[in-house]
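I've put the structures underneath this note.
In the two assemblies presented below, subunit A is common to both, partnered first by subunit B and then by subunit C.
After this line comes the complex of A and B, so read on.
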């Protein structure tokens, strides 16, 4: 009895010192440097002790990975806040969105933050992918490159599943269009569609499944893969660079030079997101009406390129092009094993010229294909009447052919596998951007209108 | 090394401090902005005007409606149920509701079912526009509010729907129904003009322009102008506009008649279709409308009703909802005293 009280009294007397020692490990260590490292052990799980001076330059990575990760944490926090009010039933979903938008304290701000951070993440994750590809940084980092591709896929999945949740006309019909594209994927397409929708139509089951995917399965997967992705960068030796670069010696301490740079970047990204969310509200359309499709029905903007291609040829847009693109990206580090110029934009002068030529050819090719295709106000009747010919002769198929052609010509002209790989990606990127712009310009009945032209009124 | 490490570290710490400060200021601004809201200011103003004691808690006031929605309108429109505040000298948002229709507010019909607008919103800008739009003049007031009556009431059953009936008459007299026939499931007849029920709620300015200058809203329109018909007859134009507005309004969704507290109205509504004593309404259902009886085989059940109707045992107060708009009925059932069927 007395032993208990005496030891408790002793512990209380030693509390101030133990608090400091317990919460700041290594504070009474004799070796000040070792103590600091111990305290910063979390940081040194992510960064090595010393990094190259090149890693400090903002022009190497453009901070895209850090911004993407910042967006993810903003999305996680704002998403959890939204979950406090959101009800995933077809009866209440829109009403709970109205509550968040109109009555909940900070509701519109948190919702706008979630929406704009999601769009920002979509963009930065793709730019990050392009940056890593353009620098050849996938060299001998096949695993992390493939994980990165999976992360990009997860981000798209998260954006897509989140699109349905407001349960307004825009979200309902956008998801209806995007899932309808699955019908054109051979063998697995219809099964995947039923699995995703929980039936043949978008209904309560769909909303619940999308909600579960959006708040549980996909974020959990993203979190695990993201941790792995960041850890692999550390294990692969930080930023990719080839030994032929002069500033390749790792001599700068990561603390504070790299870590504080990242901290400033994170805060800058937060400030930017907060400012946008403060002044631009997230849109909330009119409630779902399954009997009245909007005209035009458009997929979310990041799937618009696929929808545009589907309007030329269903099988090319929904299956062949995505397959070629993802296959190309997955195989890139295995088919391009060139060690030189890793970490340089577009891998040296001749490669740069080849990629520039390929991009130029892609832009010209796209304009010519579209002009040939659209000059009669749509597909040529003789071609359109033969299904296999229609699948073969359209702008989408043309761009796939152009990508293969550009890759072969660049490879032969430069003798570089990197030039070949990047040229193909450049052509497909031009196609994606071009078809997205085309998709934006589509009006009622999928007719092309210039942005300054007014759409006719439709019933 | 080409950079001065000590200088770089110092510069970074200053930069971090500045950016953190900026972020803190921004967060403070957001919090400050949130603390001032329109409805709280209006409630303060109402307290001062009516000398209500500050101990009486107001806050967000929300009315559940029979359609399963919430109306927060009375958070700002605080004088609605007060007799002493009705009169022309008291301006909105604090004036009282006309006594003749005030029972709607008490019987869980709420505000937005009749007046339109976004009932859940707490800012005037959003609350006074249709859900998800920034459409001007969405709130229906006299005389256009009559268009809303037909969402729940059979035309001619209730007083105060005269101008709507007049508008429906004009719709027939002027020949609107020749091109815009409003028959059966969706578009019928000549399939020529736009199905006016598919347009949704349009602003009065839009509807008026469509009558006076049809190409103003729709350049390809071949509709003749009705400018000369309505010249010097603004009342007639208004009557037709009331009917046109009613066409764009949907039937209230999820509206279960059980929620209506007015028992007599409920029994009347059931007994109007089911045979049997009023108040029990247990008999077999029979259509009484000659128009429907004549065309029963063409129309099919799901032509008008949202779901397929079982042959027996629907019961338990669940009334099959009518998909097609009740405004159809107005065309024939112009007045209460006239003969029951066309």
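After this line comes the complex of A and C, so read on.
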């Protein structure tokens, strides 16, 4: 008895010290260096003790991965806060959005933060992908490249599922169109459509499914893959850099040099997002009318290229182009196994020239295709009356052909598989950017207006 | 076959060495091992499959005594794989609803008096246009055949605000991404005096089979 009380008393007396010791490992260690390492053990799970000088340069990665991860963190926190008020039912969803916007203190701020962080993430994830591809940094890192592509897919999926949740006019029709696009996907399309919608049309089941995907399945998947992605970078030996390039491999301690740079980047990203969210509100559309789309009914900007493409041909825009693009990206590290010039923008000089030529050809090609197509006011009569011909002869299909052609020509001219792979991607990227710009200019009755022009009043 | 087994063997010393203490070094060593040992062999095997492969096969044959362990490992992995696939298939099957609400396929459009001769009425709840002229009644979909948006009436026909498809007044494609005309549906007069439609039964565009005479007769009923 007394033994129990005396030892308890002793433990209570030692509690303050033990609390510190127990919760801060290494605090009473004799070895100061070891103690520091222990305290920073989380950092050292991500970074090795020493990194190369090159890893410290902001111009190698442009910090895109770090910014993307920061956006995800902001989205997770703001998303959890929005979940406190959002109700995923067709009757209450829009009402709860209005509540957040007008009746919750800091509601508009958190909603804006969530919206703008999502948009920022779409941009940075795309730029990150382009950066890694342009540097050939996928070389011998097939697994992490494919994980990265899955992450990009998840980000797009999150953007898409989040789009339906406000249950406003735009979200309803965007999802209506996107799920109708699945009808153009052979074999699995119709089944996937029923899986996504929980039926044949957008209804309560759809909203609940999208909500589940948006707040549970997709973020969980993203979190797991993101951890895997970051871990693989370290396991693959840090930033990719091939031996044929000039040496810049002087080792520097990761702490504090790299960690501080990353911290500055994270803080800068946070400040930027907070400032934008403070001053620009996230728009909330008009309530849904499930029988009348607005004129025009436009997709969010990051899917405008797809909308523009399906406005030429549903099969090409909804199935062929996404298939070619994703197939190209997945196969890239397997078909380009060139070991040299990894970690340098667009490989060597000839590769750079090839990609530049391909991009130029893509811009010219896009203009020519559009001119030919729009000359007939959207479609030539003879072509329009023959469905397969109309699917084959349009700017979207033309750009796919041009991508394949550019890859073959670049590859033959330079003898480099990297030049071929990157040229094809460059053409498709030009197509995506070009179609996005055109999509921005679409106005009522699907007529082009400059962004600064005012649309005429239509019913 | 030989190639595969050799790779496995080379990996075997890895796990015990992968202690967290000297991770960098170990990773380098492991990389060196695989780079030195596997690559030349596989390359050679590819270059000259018969001659070189037989030379390289020798060490494999010597140490290839744990076939039972290999088999059990493979069997275990396969079992886990089958279980995971079954669980995934089951989850997807559960997510695929067996019953769901859809719009009714067969329903009454209304009485003849609801539709005047020479007019076109949009039943927005049903996504249908109902036309009535001297020939009779006809009904066709107001959903664009491209990607399912509701089309709008224009002076010359119909226009889809989502991707710019244009149809003429009978629903045939004029321009834009739509490839099929707006579908027309079977309509008929029921004994209850109402006009009915079956959206599961498509008919030729322009079919107006129900002739109930003029407006006046319709209104008297």
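We adopt the following convention: the second predicted complex is superposed on the first by the 447 of 459 C-alpha atoms of A that agree within 3 Å, B and C clash if a C-alpha of one lies under 4 Å from a C-alpha of the other, contacts with A are read in each partner's own complex, and residues count from 1 in each chain.
Just so it is clear, a contact is a pair of C-beta atoms (placed from the backbone, for glycine too) under 8 Å apart; a residue touches a chain by one contact, two chains touch by 3 or more.
Nothing here was measured: the structure is a model prediction, and the numbers come from that model.
Engineer: Once the shared chain is lined up, is A:296 touching subunit B (first), subunit C (second), both, or neither of them?
Structural biologist: It touches subunit C, and subunit B stays clear.
Engineer: First (subunit B), second (subunit C), both or neither: which does A:201 touch?
Structural biologist: second
Engineer: For A:368 in the superposed arrangement: first (subunit B), second (subunit C), both or neither?
Structural biologist: Touch partners of A:368: none, neither subunit B nor subunit C.
Engineer: Determine, under the contact definition given at the top, whether A:268 touches first (subunit B), second (subunit C), both, or neither.
Structural biologist: Only subunit B; A:268 stays clear of subunit C.
Engineer: Please report the subunit A residues shared by its interface with subunit B and its interface with subunit C.
Structural biologist: 292, 459
Engineer: Spell out the residues on subunit A that touch subunit C in their complex, using ranges where they run on.
Structural biologist: 48-49, 173, 176-177, 180-181, 191, 194-195, 198-201, 203, 205, 209, 235, 237, 291-297, 307, 310-314, 376-379, 381, 384-385, 387, 390-391, 442, 444-446, 459
Engineer: For the complex, give me every residue of subunit A touching subunit B.
Structural biologist: Touching subunit B from subunit A are residues 53, 56, 91, 95, 98-99, 101-103, 105-106, 109, 168-169, 247, 251-253, 256-257, 260-261, 263-264, 267-268, 270-271, 274-275, 278, 283-287, 292, 456-457, 459.
Engineer: Across the complex, what residues on subunit C touch subunit A?
Structural biologist: 23-24, 27, 31, 92, 95-97, 100-103, 124-125, 127, 146-150, 152, 159, 161-164, 166, 173-177, 179
Engineer: Within the complex, which stretch of subunit B touches subunit A?
Structural biologist: Contact set of subunit B toward subunit A: 1-3, 5, 8-9, 12-13, 15-16, 19-20, 22-23, 26-27, 29-30, 33-34, 60, 68-70, 72, 118, 120-123, 126-127, 130-133, 194-195, 198, 217-220, 254.
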